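Common to both upcoming complexes is chain A, partnered first by chain B, then by chain C.
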Partner chain A sequence: MEVKFAVKRYDPITNADKSTQTYTAEVDEGDMVLDALLQIRDEQDPTLAFRGSCRTGFCGDCTMTVNGKGAIACRTKVKKAWDGAEDGAIELEPLKMSRQMKDLVYNAREFHWNKFRAVEPWVDPVQPPEKGEHLVPGGHDKHLTESMRCTQCGLCDQGCTVLVVDKTFVGPAALTKAYRVVADERDSRKRQRLDKLSLPRGMWDCTHCFEASEHCPKYIEPTDRIFDLHDMAIKAEAGPPKVVHHYKSFAASVKAHGWLDEGRLAIETEGFTNVKGLMKLLPLAVKAGLKGKHPMPYMLHKKRPGHEQIKRIFEKWESKG
Partner chain B sequence: MTTNGQVKTKYAFYPGCVSKGGCPELYEAVVQVAEKLGFELDDKALESAGCTGAGVLSKEVSDPINARTFAMAEAAGLEIMTICSTCQGIMTQAHHRLKDEEYRAMINRDFLAEEGLEYKGTTVIRHMLWAIVEDFGLDKLKSMVKRPLNGLPIAHFYGCYMKRPPELMVPKEFAKTRKTALEDVIEALGGKAVKTSGRGKCCGFPILTSNEDNSMAMLGDHTLDAKAKGVKAMVTPCPLCHLQLDGKQADAEAHKQEEIDMPVFHLPQLVGLALGFTPKEMNLQRHLVSTKSIEEELGIGVEVKA
Partner chain C sequence: MPQHDVLVVGGGFAGLRAALGARASGADVGILSKVHPMRSHSSGAHSGINAALKSGDSWETHAKDTIAAGGDLSDRSAVEVMCQSAAEDVVALEHMGVIFNRDEEGRIDVTTFPGSSQARTAFVGDSAGHVILQVLFEQIVRSEIRIYDEWFAASLLMEDGMCKGVIARDLRTGELHPFHSKAVVMATGNLGQMYNGGTCSLTGTGDGVALAYRAGVPLIDMEMVQYHPTTLADRGILITEGVRAEGAHLVNKKGERFMERYDAEAMEMSTRDVVARAAMTEVRKNRGDKGHVFLDMRHLDKARMTARLQETLWLMDDLEGLDPSEALIPVKPGMHRPLGGIKIDTFGDTGTPGLYAAGECASTGAHGANRLGGNSLLDCIVFGRRAGESASRYVRGATWSPATADLVREQEEMLNEVTAKDANSDTAGAIRRDLGEIMDKNVGMVRNLRGLRKAANSVAKLQERFGALGIRDKSGAYNVELRAIREVGNMLDVAQVIIGSAEARQESRGCHFRSDFEARDDENWMKRIVAMHSEDGPKLDYEPVEAG
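After this line comes the complex of A and B, so read on.
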């Protein structure tokens, strides 16, 4: 099968202009994109740079952009990419969220490792074991097994909608790693970690849009892991004040009324004593009010018929700890 | 069968908080459009159901609340119809977890038994958009159009939860109907669906509290991209997206220092306009961004009997 690849090339020394070079290769039906790249480098162009290692989807090294979408090159069939090619060639580019260093090699330090380092991804045990290893009773680490499968391929970050507008956001990959240590029962710095993750550009900038989960090739569900971090933080009251107010007000109004009191949520998120914040709400509240779009808060927010049952469910949950 | 020959489809109606709070125009539009389409919305079956949790409440408490809602619809023998992507997404995720028999038994025993309820795991939850495409049918919708959208370029804006997680929201058996449901409805109404970069992305609403700058950048990017592609209006099946796209558009203009002026419709409003309802009946006067330009394009003012 003859296929064409359009590779976005860049050589920091000889070619400051980023150009696209087209290669034609004869590949087998079952070949993966990485197989084809290795073949092109061996047979046609030894200067072509890309990352690749295990060739079995295990190491997460060969992440790149194939036809505009993030992909693991050794898990992407050439045939499928060829069928999906729009301009007569499979388009290959480095990951979009990062700086191109050479050809398909992106800057992993900026993109990954600095963010991973920021979440301090190592367990700090409560007490070093007296001898041997720190043992966790069977089953106590079941919730961690998914996040431990992460190969740091970076596809979740590639899909993240927040990183598009703000590259300083810590991103789902590092947050999934953070979950792995925060939720480890051996760790002694849970609260401290949740506080740190709550700093600006941290976990509260996540929109829960599920792009990260959609992009994860290992089904780790990074979005759910970020939900879990948020849950832990709210229980420990570790988030930024406005966020904690928001979550608590949401829960309090559903618990009391059976459904959300949006007017109350807006006021309590800012905080009663935060005059500046409340004043900021005013213009939109007035505009919406004039259009008949302003929900009435507190006593004017009717209780739903089943509110006692909702309250009972909340109390039952709270009593479970 | 109803008098006009349509198959009557009955649902346990779950309007959600926002359609009765920040977006009352949506609720009123749904009730009228549903009646026109012959959907029977039973508003008694779930009248005592609670909030889905919207991704804010912990799953530990929202799963029991949602299981309770599912149990009530199951007892009434009805499918649930939502009109909010967020309600739909959160419920579908809870529904998926509750397929696990052990987990469902725990929820039934610890939370629902006291009220005499039991969820058996059979409830179906369907957004109005899916109900229109899957239960009602696009051809039938097309045949009911009285005021075609005349090729008006309209951007479909799904929001997050109608599309993701894909294995739950657009499973294989529904790939045909759900992948392009919103585009297909726009086209059936006579409009032209225009692909924009924000079509399946987050609108930015969930991070208004934690990072307003990023939220406004996202909103600005999505609406400005639509504008650059010649789009005249956007349409969304999610009232939270509407609160952002319409309600916060002025702030995004300030953030981007650029005029946007992009009218945004709730899905049932756009359907309603094409079926002949007046802008007043669809409550367009309640939007913060004026929809007058669209009304003029469609020559509204001329009487059409709905």
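After this line comes the complex of A and C, so read on.
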């Protein structure tokens, strides 16, 4: 099968203008994009730079952009990419979130590994048992073991809609790593970590767009892992008090009435004793009142039809711990 | 100018464990690797790690299994050290944060791998390698060990009979830099890229083995090249022995469980050398299908497969579009792991002051002529730690001066020679592919004198082609052409040693099978082959193995 690749090439010294070069390769039906690139490098152009190591999707090295979308080159069939190619060639570019260093090589250190380090990604055991291993009851957190499938391939970061506008956001890849440590019962710094993750540019900057989960090749669902971190923070009352109050009020309101009481949410988020904060809400309250949207004080808030079923959902979830 | 007490070259299991070992015993450590440590091939290890953790099992039984699987060629003291340390080292991994599958009591669960007489392999689903590598790397970050990732070690700085560091190329800029260190731990892993269709990552080019060899350090057991019985037929991608541990059958095209003919007692749970040769024999006797046999997993419980073999199921689906609960999986044996490498003792000591080694690039002799599944990770962890600790001890007592500027300059000039040469139409990649063909054909699972001589001649011709290579890419940034040239040069040198050692061993034992000497010959061959570099190719010597 003859296919064409359009590679966005770049070299800081000899090709600073970022030209596109087209290669034609004869590949087998079952070949992966990485196989084809290796063939091109060996047979046509030994100067073509790309990363690649394990060939089986375990190391996360060969992540690149294929036809505009992030992909693991060793797990992407050439045939599929060729079928999806526009303009008669499979388009290859480096991962987009970071600087192009050369051809398909992106700057992983600056972007990826620095964020990884920022979440202090290691377990600090409480006190390892004197003899033998920690006892971890069977069926320990399924999500914890699954999150360890993460290869740090960077595809979730590539999909992230926050990183596009704010590169200083810690991002879903590092937060998935953070989850792996926070969720580990053997770690002794859970509270401290949750506080740190609650700093600006941390986990609360996630906008829940689910792109990270859509992009993860190992089905770890990074977006859900970020939710889990939020959940753990609320339970531990870690993080910014307003956020904690906001979450708790949100849940309490829906649990009690079946719908969201925005007046209550606003007041409880600021806190009853926070006079200054409450004063700031006044103009908004007045405006809402003028437009006929004034929320009823929540003692008078009517319950939604079917609220009891909603309450049961909450109770079922709470009983799970 | 980078300077560390201990410089570890390689960032897989052995390298990271060595670095942690050296750091824990007080040394200042740096890790240099041509890929980021998390991209190391250790991440592709699916199986698990052996340790006698359960009552009823003992390190002695583990040792017995190891020696039996290794065709009795194992170095007894190395086996002893490895099996005796196993439980403690595995528990240490757990303390660092490795999850491991658990039993009902919450303790580390174990499963029975082919060739083991007991349930002894601790595992993490089918991604033990990936998880252990991840946790070791977490500890490296925690220990604030400096990492030089995407640096390529190009030569050893040898002076006054000592190893005083390495010269490495920064792949980002293309610049050469000397790394002065009191001790170097070589942990560069596999050399499988000199075979086509092996299970090895693209990084496995035998760099550390070649560097040590050229510096005059002895290699050992180089004829022992282990084939894994089951790799995906089209692509040589590893299918873990875990599937047979879960009860998968091997069948030929007639649907017969052919292991009956080769090891009726153990069947699919026999050792790797036996199963791999059985699969090959079936193909040769026309009972295979287009050069392969099949794994039959259709009778296995689906839920259990998903729980224990999830990554393998994804691999089969992504790469071959196959669902093992419905279809037979075409597999064939593929080159998996060299058992030989830089000769070390159980302290990782190469005998050259300042040079230590561990992992797949080295050999203590623990695996003899065939390695037991689950012993490779263990080897890396135990001997990695010990190499790091020994190097740390050594630097405390070492009187040391950095390599002289003259030596550094001379080496750098030698390493830069190729950059001045203009390219012909040949490429390093083309030479590597041709080398792979030769090795697959003549230095694979079945060897004989004619084939080995032919291979030696062909490799000599490839050496000439290698010598004529020049450079197209004149840029320093990520010059993959330059890296590929260094790598293929390393592989050619090491291939010569494998071929020479395989020719010398005139018997069949474990994974070394000679069709012109089919029998095992204990009278003449209870010895290991040591190879030293010389102007006229590898010079061989022999080291007896104590039986018992």
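Rule of thumb we're sticking to: the second predicted complex is superposed on the first by the 254 of 321 C-alpha atoms of A that agree within 3 Å, B and C clash if a C-alpha of one lies under 4 Å from a C-alpha of the other, contacts with A are read in each partner's own complex, and residues count from 1 in each chain.
Just so it is clear, a residue touches a chain if its C-beta (ideal position, glycine included) is under 8 Å from a C-beta of that chain, and two chains touch if they have at least 3 such contacts.
Since the structure is predicted, the reported quantities are computational estimates derived from the model, not experimental observations.
When both complexes are overlaid on chain A, the residue A:R304 reaches chain B alone and has no touch with chain C. Judged by the touch definition given at the top, the superposed model places A:T207 against chain B, while chain C stays out of reach.
By the touch criterion stated above, A:F250 is placed in contact with chain B alone, chain C being left untouched. Touch criterion not met for A:R191: it reaches neither chain B nor chain C. Judged by the touch definition given at the top, the superposed model places A:I313 against chain B, while chain C stays out of reach. Look at A:W259: by the touch rule set out above, it reaches chain B but stays clear of chain C. Of the two partner chains, neither chain B nor chain C is touched by A:K4. By the document's definition of touching, of the two partners only chain C reaches A:P125; chain B does not. Counting contacts as defined above, no chain A residue meets chain B in one complex and chain C in the other.
Those residues of chain C that touch chain A in the complex are listed here as 35-36, 38-41, 43-44, 91, 94-97, 99-100, 102-108, 124-125, 127, 129-131, 134-135, 138-139, 141-142, 149, 172, 201-203, 234-235, 237-238, 311, 314-315, 318-320, 427-430, 432-433, 472-481, 484. Across the complex, chain A meets chain B through its residues 161-162, 164-166, 169, 200, 204-211, 213-214, 221, 223, 227, 231, 234-235, 240, 242-243, 246-247, 250-251, 254, 258-260, 262-263, 269, 284, 287-288, 291-295, 304-307, 309-310, 312-314, 316-317, 320. Put simply, chain A touches chain C in their complex at residues 11-14, 30, 32, 38, 41-43, 46-61, 75, 101-103, 105, 108-109, 113, 116-117, 120-123, 125, 128, 132-138, 140, 144-145, 148-152, 181, 184, 186. Of all the residues in chain B, the ones that touch chain A in their complex are 17-18, 20-25, 47-51, 53-61, 64-65, 68, 110-111, 114-115, 160-161, 164-166, 201-202, 204-207, 209-211, 213-214, 217-218, 221, 247-248, 285-288.
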